[in-house]
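The chains carry the letters A, B, C and D, assigned in the order they are written, with residues numbered from 1 in each.
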Amino acid sequence: MTVSTERAAPTCFDPALDGDRLREECGVFGIYGHRDAAAITALGLHALQHRGEEAAGIVSFDGSRFHSERRLGLVEDTFSKRHIIEQLPGHIAVGHVRYSTTGGTILRNVQPFFAELESGGFAVGHNGNLTNGLTLRRRLVGEGAMMHSTSDTEVILHLVARSRRNRFVDKFVEALRELEGSYSLVAMTNKKLIAARDPLGIRPLVLGELDGCPIVTSETCALDIIGAKYVRDIENGEVFVYDETGAHSYKPFPAVAPRPCIFEYIYFSRPDSMVGGRSVYEVRKNMGAELAREAAAPADVVVPVPDSGVPAAIGYAQAAGVPYELGIIRNHYVGRTFIQPTQSVRELGVRLKHNANRAVVAGKRIVLIDDSLVRGTTSVKIVQMMREAGATEVHFRIASPPITHPDYYGIDTPEREKLLAATHSIEEMRQYIGADSLAFLSVDGIYRAVGEERRDPARPQFTDHCFTGEYPTPLTDLAAEKNGKSQLSLLAEAS
Amino acid sequence: MTVSTERAAPTCFDPALDGDRLREECGVFGIYGHRDAAAITALGLHALQHRGEEAAGIVSFDGSRFHSERRLGLVEDTFSKRHIIEQLPGHIAVGHVRYSTTGGTILRNVQPFFAELESGGFAVGHNGNLTNGLTLRRRLVGEGAMMHSTSDTEVILHLVARSRRNRFVDKFVEALRELEGSYSLVAMTNKKLIAARDPLGIRPLVLGELDGCPIVTSETCALDIIGAKYVRDIENGEVFVYDETGAHSYKPFPAVAPRPCIFEYIYFSRPDSMVGGRSVYEVRKNMGAELAREAAAPADVVVPVPDSGVPAAIGYAQAAGVPYELGIIRNHYVGRTFIQPTQSVRELGVRLKHNANRAVVAGKRIVLIDDSLVRGTTSVKIVQMMREAGATEVHFRIASPPITHPDYYGIDTPEREKLLAATHSIEEMRQYIGADSLAFLSVDGIYRAVGEERRDPARPQFTDHCFTGEYPTPLTDLAAEKNGKSQLSLLAEAS
Amino acid sequence: MTVSTERAAPTCFDPALDGDRLREECGVFGIYGHRDAAAITALGLHALQHRGEEAAGIVSFDGSRFHSERRLGLVEDTFSKRHIIEQLPGHIAVGHVRYSTTGGTILRNVQPFFAELESGGFAVGHNGNLTNGLTLRRRLVGEGAMMHSTSDTEVILHLVARSRRNRFVDKFVEALRELEGSYSLVAMTNKKLIAARDPLGIRPLVLGELDGCPIVTSETCALDIIGAKYVRDIENGEVFVYDETGAHSYKPFPAVAPRPCIFEYIYFSRPDSMVGGRSVYEVRKNMGAELAREAAAPADVVVPVPDSGVPAAIGYAQAAGVPYELGIIRNHYVGRTFIQPTQSVRELGVRLKHNANRAVVAGKRIVLIDDSLVRGTTSVKIVQMMREAGATEVHFRIASPPITHPDYYGIDTPEREKLLAATHSIEEMRQYIGADSLAFLSVDGIYRAVGEERRDPARPQFTDHCFTGEYPTPLTDLAAEKNGKSQLSLLAEAS
Amino acid sequence: MTVSTERAAPTCFDPALDGDRLREECGVFGIYGHRDAAAITALGLHALQHRGEEAAGIVSFDGSRFHSERRLGLVEDTFSKRHIIEQLPGHIAVGHVRYSTTGGTILRNVQPFFAELESGGFAVGHNGNLTNGLTLRRRLVGEGAMMHSTSDTEVILHLVARSRRNRFVDKFVEALRELEGSYSLVAMTNKKLIAARDPLGIRPLVLGELDGCPIVTSETCALDIIGAKYVRDIENGEVFVYDETGAHSYKPFPAVAPRPCIFEYIYFSRPDSMVGGRSVYEVRKNMGAELAREAAAPADVVVPVPDSGVPAAIGYAQAAGVPYELGIIRNHYVGRTFIQPTQSVRELGVRLKHNANRAVVAGKRIVLIDDSLVRGTTSVKIVQMMREAGATEVHFRIASPPITHPDYYGIDTPEREKLLAATHSIEEMRQYIGADSLAFLSVDGIYRAVGEERRDPARPQFTDHCFTGEYPTPLTDLAAEKNGKSQLSLLAEAS
């Protein structure tokens, strides 16, 4: 889902991060046939909150009418309230969470999107990003379509609306055939719950079941929160439909090998989720263990950068035989919006969230473990904090390879020039962050951590362009932009 | 502008009125070329607040981008705030106020509407109602159009978007040709301010000027508040366009005589406005004077029902030579949302807003003057309040004819069976409201009050179907509804 | 009730008034023995809203516990809500509304005040102002008392708390004996409803009855709104107590003639209230009629300054035989907080609330009637607006005498140098406001309007120092301030 | 600080906890001489947020005036905003955070409290609880004192106000002499920053320094967040005063050995804080290690109950040589207010915050480590969740002794009958929570963890009555309550 944020709005800038984290774009959830469809969707979205903190929405259908609630803020801000849930009656519901961007956000872009088509109401939520979204948008507007959001997801609705096919599923598939890029979709009509995953299966999507009712959602942790059973992953290129006649699976695209995004393991999915049949926690521990094997540091204690580096640090510590210690304590109260009125209190940086645990660090050689390195700004501060707390040596180990290329499939990476590894050698990076040594996990190391022997250069098993530069689909919009096609979005909603 | 309110929402029910007032639907304002376009529009909308208390919106264009703010509530709730106005930069702006309905309201219906067309951004605000709006909507949805509101105004945007004409004005006129019913529109593109009035000129629209910048708006009072000059009325069937080349007037429809809505004089427009070249205040005084001539009551004092009956009561008192006295005092603090927790305090009814001025009423024969009578529920309470305050006789005089037919052109009349005069004789109405006598102004009396000799039955000079049953245009949707065409709107936005 | 506003807070400055109105300080309401005590109090306060727009509060007692709600804003903002009223259970309740000042306001000052005394809970609301409040405050703080508000009313609670008398009424009377200035109090304990009026009866207080339950309140309009019966005025110097044994009246002070504030007739009380047995509306009409007799202007129409001048204008028009016309239309939507971003829209002044009714004014000689003249800033703008609307002559008539002295008894007058009449002759004032002629009602004229033959200089029948400079009590704090006693209040509550 | 919550208000009930945690009462912070006093205090309070989530307040003094802001909610909700901090100018500030209770909360109880004494303004914040607070309150009210809160802290202000001593410090000490129980106070006048700790030093209080300015606060982590230096602990029975003449330390009480609360190590203080010269993190690891020595379980993995059991689990794992694994994943998004509309989704319990990490748990014998056990309701759910995730054996180990007695010194323990260990044997507790085995750390074990050889029964080194029943001071109020003295507080604020 692309959002062309039109205006730099006041935002919750996180001084502890300095924009030094990647951001996932969106999580989805849908259920069919349950009397508490909206309440269950709300809980599922709460479990997926890490996939999108910016906004959340739910659409339900009560047998005669659709109901919708979409709001900025966390799931709990809106959907923990009984009166909100009571305004979302019905037995089918789909929901969506959206990531937090540093740019402006507008309510019109909050999903699920809904449209009244001639065939009836249709709602859809999208995790992923279309690489030809703007191109499609231009074409549709040229044909008289009226766009109401700045999101690429909206083109899907217009494509469905304009299809001349008779069956709804055929209209939907006809629309999907136009799309390039990544999409895991949950959608609903007044009769059906629909899930679809792009031909390569870039973003995750799983099928579960609760009290006999089917659920489709981004991660298994959203099944766990409601006590639902995991059934299977939706396959790459699969369109799954559930209605009163039961489940139907379509494979409208030419069969290709799946190529899911490797970052779900490194970074985005919750450690208690199973992705592609693998435990995310175990994969992260494996990454730490591989890192210990590839690039062990001479240290007295292993210190995770909380919370992102914790599983890899446990794996590293076990493999290296070095004690695991909480050398950095995280303040779980958010603390991200504190003003810093004057220079004297301006340089708090990382301290609002992280504090050195001096008793663990002082006089020790430490190895810091983090899951990835984006801009490096946080790493600089953490290394400095460790030294001020008395660490005698600070070694930095990253449990994934250097990120050298931006993503166009639903991860909000900085422009290429802001990616530290795109412009610095490893030694330059070490100097920048001030560590005594720095090492990254190799690309093959990460493939080993997920259970592959090595990366297959002919047919890579995963979407891994951020490390390799090999993009899995055409980048149509990017090519058009380079040819000077301008942005369409003209409207900035004033709040 | 039709709104098919989908759900009975909690509402600001006014216990003093019991739904016993007509409600105007909307006011519009637009300005071109002023550096404070949005601030001026906000002030203009504040002056038009009586035309729509439910919601307000402004769209502006700053030379490169459109900005929009639409909110439920009064103009002042949103647009008196500096930071809101600062988010609406630019030199062109259009604004809209919407009436307060007793049903639910949703933000998606708040105007001005905006769309990104292939030709660029386009915003429009609408006062009036299309009598073929649903019919057009059905046709457009059948062609793949996606509707986002439940308002008939949205079809105008789709019609413009789908026009294959080249010039924007031609697209716009092509869209207008499809419309039936009433419309006074203000619209804007990134280059133009546009105003249009339906062929009969049912709803008002005037042209003004401030510091050399053209303004189009519903009433002259919106010009007065900002010190702008009144130039002329936009004519029936006129499309007025202003851009950097200056003003352009188009008359794309066959020339017919205007037939403006008589209710603007009786009821809707502010007394300090000039409508069709006539002072609303003077017309209302004339109505009172005509009423005194047609149906004088034997009374000691003339008492207006505040504030609606005040000008007519002044006119009546002057013509009848009976003292004008404030026998009812209105509490201007709103008081409409007070709970009435138990039976003992439940029957407050009219008292939250109105109180008898006993010193004026006790021991007197009074004649109450009001501008119109809809359901009669308020009149019952006011007559009773006057008697409890000691009035010896209560005569009721209505400064307009009995309302026997609903409106379909932008006035929110009750269904026909709720209109007291549609089902009761005058004597039955008198008994219902409990007055000693009751009389209405005649239809010819109201024509005299506006300066005509009498109503021309062959070609009525005004839209007056509420009194006469003669509708000025086809009622296409109504006919379709009788043929069983169902409602399209399926989505209820929660909250 | 004095409030020493500590900080210039952002405020609702009313550009139509420019601070050019006096402000009443507070209204009170209390009821005993009714199952809906708080709901009835809320309605009573709504009727008294004109006496205080800044804040409102209610305290109730449910047989075992006191409940309290005090909030900034209008009565309706808080007390129209069922859940608020449900949190105020009980059969005894007292309530209070507070005026809107241009300075800062703090919740700590919102009444009724409550304290847990050794004898149990005690709540009190105060209309009036103590002229020795600061002096008492200094003494009490010196004795170890802790003050929590900056209001003079709080000293009453401390005085009661410190009394060594046994019976609660004796403690209360002992406290009253220390007070100078004006007070109309409603108070309650867990057993009693109490009302008290200062020895001169400066501020009003009436006794009513609903369903057998006693009510004490500032004006009769608060009885009317709930259908309660007026019983009598609380007398000057009376302490009225109601408990399960019935009503008890005490007269603890030496008997003196009452001397109520004349401004209640001119200005503060609602026209439908009876004050001291006189109809406020009739007194205001009399003032207009006296004015016509004393200083008739050569005019074609009589135009009231709305709404303050309306009753006097009706009286003037009837006495002078000149037509009464609405030459100025008031916009009842508040409009007071509009920003004026640039010079070009800055000079809107009076227009946000008032507009000339050109049809009435153009080409006419008009006489404007207002109830009083304070700073004159509004009058300047209104005269100018009338001339711009085409009035050929503008005569200004004020239905009360020139205000030359500030008040210290509960009216928020400007400092003396801001009172136009304190520093200008009548001719100078005429020039300042730009009228063709200007006249005020004489002091004896106003006494005639209330039914007296003339003012008795030896024992004035009314508190009228604003016109005469004769204050009815010592001004102890003012004298101390001139001797250099400083302000005590040190705490500024943020927001 | 006792709060007698008068009314069961709607509250943020945490379904994951079921009240199954102890709650600390309050954290304090004060600084003298810094131009950003309020901003620094806000940051310090943010670091102390875990000590009180209910409300926060700051008072500052700017050289001529005191400023105050007190609000419900987290520190960041209020004090991260620039405009709030700007309303708190000055170079001296004190702040306070308050715990979150399941009962109602009222703004009047939010600290720091402020009073205008004859000697000038005085503000105070209190961590701890007076065991004779109600007794003092009754006496003061009997002397005419007016109480405005239901907090025991308010009596301190009244005692200071009533002291007849001349020097402020003498007044303050005279007040302290009346107090029993625990108190760590930070206070300020217009000239001084004051800190005081009760004779036994039950609650913590440390002295730090930033840019030469003294800071007093509850924990060292509040020094770390702003980069301040730790100087020393305020001693038991010490009164520390800082003014323009520098630092002054008073020891007005008879010298006794300190007896700090042992729970600060087990439970309340942040792991990165130093308390009494010991690292809280190291003590907790020691507790885990002692537990492994006293009561090792036969297990494949060590699983902490997050986040409370994490340090003890690390210590246990290292001592026992069993792998430490994240078998439970905590959702850091709050999730505590989710409604559970129907039975089918009602039993979510612990899942909103915690999820089993099945890959770690399935097929394993696990030992769960938590820091303490209060009611046991959460433990039941966690054991069940582990079994459902496939654990073959679940052993539970608690890194502190059984809690058998309630606290009266600032910890919000349930009544005795709700404490599981007060009414159940260890075997009964094991059955209740459903574990295969259950063991607690011994009292001597916890003394060893803090570095003592053993508990000295004659003169216990710590306040440990929750485990031993030996209270360190008289419990005057409790004795009075048993004698039938009733509650004073009568006023319930309605929101």
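As a working rule, a contact is a pair of C-beta atoms (placed from the backbone, for glycine too) under 8 Å apart; a residue touches a chain by one contact, two chains touch by 3 or more.
Note that the structure is predicted; figures quoted are calculated from it, not measured.
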item: Chains touching both chain A and chain B; value: none
item: Chain at maximum distance from chain C, centres defined as averaged CA atoms; value: A
item: Averaged-CA centre spacing for the pair chain C and chain A, given as whole angstrom; value: 61
item: Where chain A and chain D are represented by their mean Cα positions, the distance between them in whole Å; value: 37
item: Centre-of-Cα separation between chain D and chain C, whole angstrom; value: 49
item: Contact graph of the chains (line, ring, star, complete, other); value: ring
item: In the complex with chain D, residue positions of chain C that touch it; value: 6, 65-69, 84, 87-88, 114-118, 120-121, 141-142, 144-148, 157-158, 161-162, 190, 488-495
item: Residues on chain B engaged by chain C in the complex (per definition of touch); value: 35-36, 39-40, 42-43, 46-47, 49-50, 74-76, 80-82, 85-86, 211, 221, 224-227, 270-272, 274, 279, 281-282, 307, 310-311, 314, 318, 323-326, 329, 331-335, 337-342, 344-345, 348, 351-352, 355-360
